[in-house]
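Below is one structure, written out as structure tokens, with a few remarks after it.
Note that the chains are named A, B and C in the order they appear, and that numbering of residues resets to 1 at the start of each chain.
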Amino acid sequence: MKLSKLLIQHKAEVVKKWFDYAVQSYKADVAQFLKTQGDQFANPVGGALSQNLEPLFNELCGQMNTEALTASVDPIVRIRAVQSFAPSQAVAFIFSLKRVIRTILKKELRNENLLQQLYEFDLKIDVLGLIAFDAFMVCREKIYDLKANEMRNRTLHAFERAKLVKNTSLYSIHAQAAQPITNREGVLSKKK
Amino acid sequence: MNFKYLYSLILVIALFLIAYAGVEMAGMQFVFGILVPYAAVVIFLWGFISKILCWANSAVPFRIPTTAGQQKSLDWIRQNKIDNPSTTIGVVVRMALEILTFRSLFRNTKMALHKGAKLIYSWEIWLWVGALAFHWAFFTTVTRHLRFFTDPVPFPITLLEKADSFFQVGLPLVFQSGIVLLAALLFLFLRRLLEPQVRYISLAADYFPLFLLIGIALSGILMRYFIKTDVVAAKELAMGLVTFQPCIPETVGSIFYIHLFLVSTLLAYFPFSKLMHFGGVFLSPTRNQANNTRMQRHVNPWNYPVNTHTYEEYEDEFREKMIDAGLPVDKE
Amino acid sequence: MAEDLPKAEEFLANIDYKVPDTAWMDTPAEIRKGMYCYASNPKSVEYLGLPNARKWNPLDDDWQLPENWQEIIHNGFKERLERFRSVKVFMDICVRCGACADKCHFYIGTGDPKNMPVLRAELLRSVYRNDFTKIGKLLGRAAGARKMTLDVLKEWWYYLFQCTECRRCSVFCPYGIDTAEITIMGRELLNLIGLNIDWIATPVANCFRTGNHLGIQPHAFKDMLDFFVEDIEEVTGVELEPSFNRKGADILFITPSGDVFADPGTYTCMGYMMLFHYLKEKYGFDITWSTYASEGGNFGFFTSHETMKRLNAKMYAEAKRLGVKWILGGECGHMWRVIHQYMDTMNGPADFLEEPVSPITGTKFENAKSTKMVHIAEFTADLIKHNKLELDPRRNDHLKVTYHDSCNTARGMGMFDEPRYVINNVVNHFYEMPANTIREQTFCCGSGSGLNAGENMELRMAGGLPRANAVRSVHEKHGVNMLACVCAVDRAALPPLMEYWVPEVDVTGLHELVANALIVPGENERTTDLRGEDLPETEDDADE
């Protein structure tokens, strides 16, 4: 008996349960709402999950193509990267697949040969976890990049083009009263 | 974990039992047939009017309609005269559609994700259907009940009764409004209980009126079709109340008093609850005002002068720089 | 971040990663990084003379509130219930039907149940019931009432600054309950005890002093426009002469300072300047800019009604001082909500101005006859309708454009067809986003009402997800590469939003598109657009 065959047989069940685990990372009511709806994905998170969990699972059972894995994991973690999850929580749904498989294939996994194959499959899940972590970090870096460059890209860039940045008075305009924009940048960099 | 609806349910059952026990065991027909209804009506009228006055006493400082369609601007651009009214007539039409057909609710969409597709928004019609069914059935039922308070019964009410029992053959006449009312209430309750989002936002005060109304509808239906009560006597009691010559006919069954007690509770509870949306919808500033603020000045009754930064202060601070930059100044 | 991180034992105890199920009143707000904006700088608060200026940090336990803060909030609430019928009615009549629940872009994007509009309002309602209704006093929590505590206050602050006052929920509410109104009132109360955010307080202080949010002084303002003159000359070969603070001009022009000082609004600003120049050359159009009233936007609106009035007063004051006939307003969202629904009431009557008439077409702007301020999209649409502009839309052929309705001009004004008419006349490839994400159902950029700071980028990205999602759909379907809008906050907020979700799409103002198409008298043949990007070869060129 091959584990991959078994998994593909149970694909629908596995993906559904995996989805359920993944939405549990949201407040119970949001999660439950996602699950109880006929078209259950009343949230872009649900959308990203429902569109991408199956392709991810297919890759795990198949080629483990890095690009395909990244393409499917990115939409999920891209959302989680802006939803105030800790990094661990953001990628935890990947590892819950291990539990899903063990629950669904409980009986079959008494077979030692299959258990051996499961160790190998677990390894693939770990790899996907690492890829998800990389994708998550790319998103987080993008966010910090946006944060850091927001002011420069929009405002200071316009000043630069106008050759106004040399005009130091621009930086002390609030000296007497309100806070200068540079001060604001100072706040940003200090906090980081 | 959701005890909010349980509390409300228990409360309504308790009310039911109080009326039953009061009439059957304590023989307090006088209290439940005359005192409580009078008190309830007084509380209702006083509460309703004072709430409306309380709202009306607050100012409407700004004209802030929610504009849900094209504004009136250039002649050749077609204005959406209902969703973005610029005249009183437009406002009246908008309000009428809002109040009679729940137009905004009709607009309701639901986010839904279809398999393999993006976020799309499908039409969520059931809340609208349920709400509309409930309100119209309730209105019909209440109006129909006027036959108990009028003698002779005016023609429009008789006509309404006929229409309401249109599909009926044989006796007693079954009123569709009663059935629809109960069904709609059950739907609204189930929606509140089963839809997680709505359950999450629901308060005990959202379940209580639902159970109360279900209790009223149930007791009414029981009385009409199953535990028959003496209708002539019931009318006698009702006529006594409206003509201020209250009397307690002997042949009225306890189910009638239960019905009446629940209705009295509803009346007394009404002005202090969310049910006041019935009055409030007329006063909602985002719906009952015309979007014509740029055409016609709206006056704020409490508009007060504020501290501003005048041009003189501004020029005083920046005069030299302005002159250097070649900007005109008032004082050289 | 470290203090937020889950511990190993938590992972082991909760192997399903399940979030606990608690009622919302029993779930205190957790102030999360990336979701909140920094506290206001005391200098700005002090400059404006607003209460309780001090340095404070939302992450600290102690917010350094005045001792009697509960009393201040209670009395402030009471006063506002009398002053605003909207608040009083909205406090009483919600039936919690849930129609609004999934209409909020923040709810959709963050998945945080307290971002359901109904719950945002319940945060205030629960206190209202406790403080001002008999049934709430009597039954307490059973009637949905709760006392004002520090936890409740923090919850107010956190979630009232996660609402962009976009009014989308109000469209779907059967009673028209407007969360914007509730947020406005809640923020006003918070300001009474010094709880503002810096991204609002400092622009307000700047605007009060220098006339614009960025605190740009008059000479620098002029420098900036002079620079645009150079840039335009480079692209078109035509030299412009904008005029400033000029008495006796026909019309005063006011636009958000974002157009003058922040990309890509700067290109929109060049667009206005080119349009005015064109009209001056062809029809003798006479318009002036002002450095004193150099801000159309009004972050005072996000502080309190009074602060809004203090900032807005400059518009009429300057129009009166300069003796103009009427005022023309640039592309901005909340600026237009303020002008359209508040300005005349607050600072009018503008009886020193004339009823606006287009000097070129003779069109009377009947819809602005009292406030005497016309939106530039209305003005330009009228010009195009009367064939007063010579346009070559092919110069925008490299763009596939979609249009984002700004929340305020959509649901606080109703300006839908004017900008679309203009776009359809200046570009050849225009595609609408899905019907339920535009016009009165438009989704917010996620950064409105003063929330376009840097530190809350996660909140902005999550809030903007529904909008970005709609843009992505037209990008994938039609190859849309340009998102047009008539709002300065949009022009500041949408570029990072696009960069995160749909990096292939750029952002433009309406009048940048107009200027690209506008054939200015005496211009050289253009080889680039205003951004200096090469124009595509037109078919004619290829034939020649």
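We adopt the following convention: contacts are C-beta pairs under 8 Å (C-beta built on N, C-alpha and C of every residue); 3 or more make two chains touch, one makes a residue touch a chain.
Remember, predicted model here, so these are calculated numbers, not experimental data.
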Inter-chain pair with the most contacting C-beta pairs: B-C
Most widely separated chain from chain B, with each centre as the mean of CA atoms: A
Approximate Å spacing (C-alpha centroids) for the pair chain B, chain C: 34
Mean-CA-position distance for chain C and chain A (Å): 30
Length of the line joining the C-alpha centres of chain A and chain B, rounded to whole Å: 44
Per-residue overlap in chain C, given as positions that touch at least 2 other chains: 21, 102, 108, 113, 209-210, 217, 223, 466, 469
Chain A residues counted as touching two or more neighbouring chains: 29-30, 42-44
Per-residue multi-chain contacts in chain B, two or more chains: 110-111, 118-119, 195, 197, 200
Chain C-facing residues of chain A, complex: 21, 24-31, 42-45, 78-79, 81-84, 86, 88-89, 92-93, 96, 99, 139, 142-143, 146-148, 150-151, 153-155, 157-159, 161-164, 167, 169-170, 173-174, 177-181, 183-184, 187-188, 191
Contacting residues of chain C [partner chain B, same complex]: 21, 23-24, 49, 81-90, 92-99, 101-102, 108, 113, 116, 118-119, 122, 133-135, 142-144, 167, 170-178, 181, 208-211, 217-219, 222-223, 244-247, 291-292, 305-306, 309-310, 313-314, 317-318, 321, 339-342, 344-346, 348-349, 363, 365-371, 373, 378, 381-382, 385, 410-418, 421, 434, 436-437, 440-441, 466, 469, 472-473
Residue ranges of chain B in contact with chain C within the complex: 1, 7, 51, 54-64, 66-74, 76-78, 80, 83-84, 86, 98, 102, 104-105, 107-111, 118-121, 127, 131, 195, 197-198, 200-206, 272-274, 276-277, 280-281, 283-287, 291-300, 302-303, 306-311, 314-315, 317-318, 321-322, 324-328, 330
Residue ranges of chain C in contact with chain A within the complex: 1, 4-6, 11, 15-21, 32-35, 38, 41, 43-44, 47, 102, 108-113, 198, 202, 205-206, 209-210, 214-217, 220, 223-224, 227-228, 231, 261-263, 266, 454-455, 457-459, 461-462, 465-466, 469, 492, 495-496, 499-501
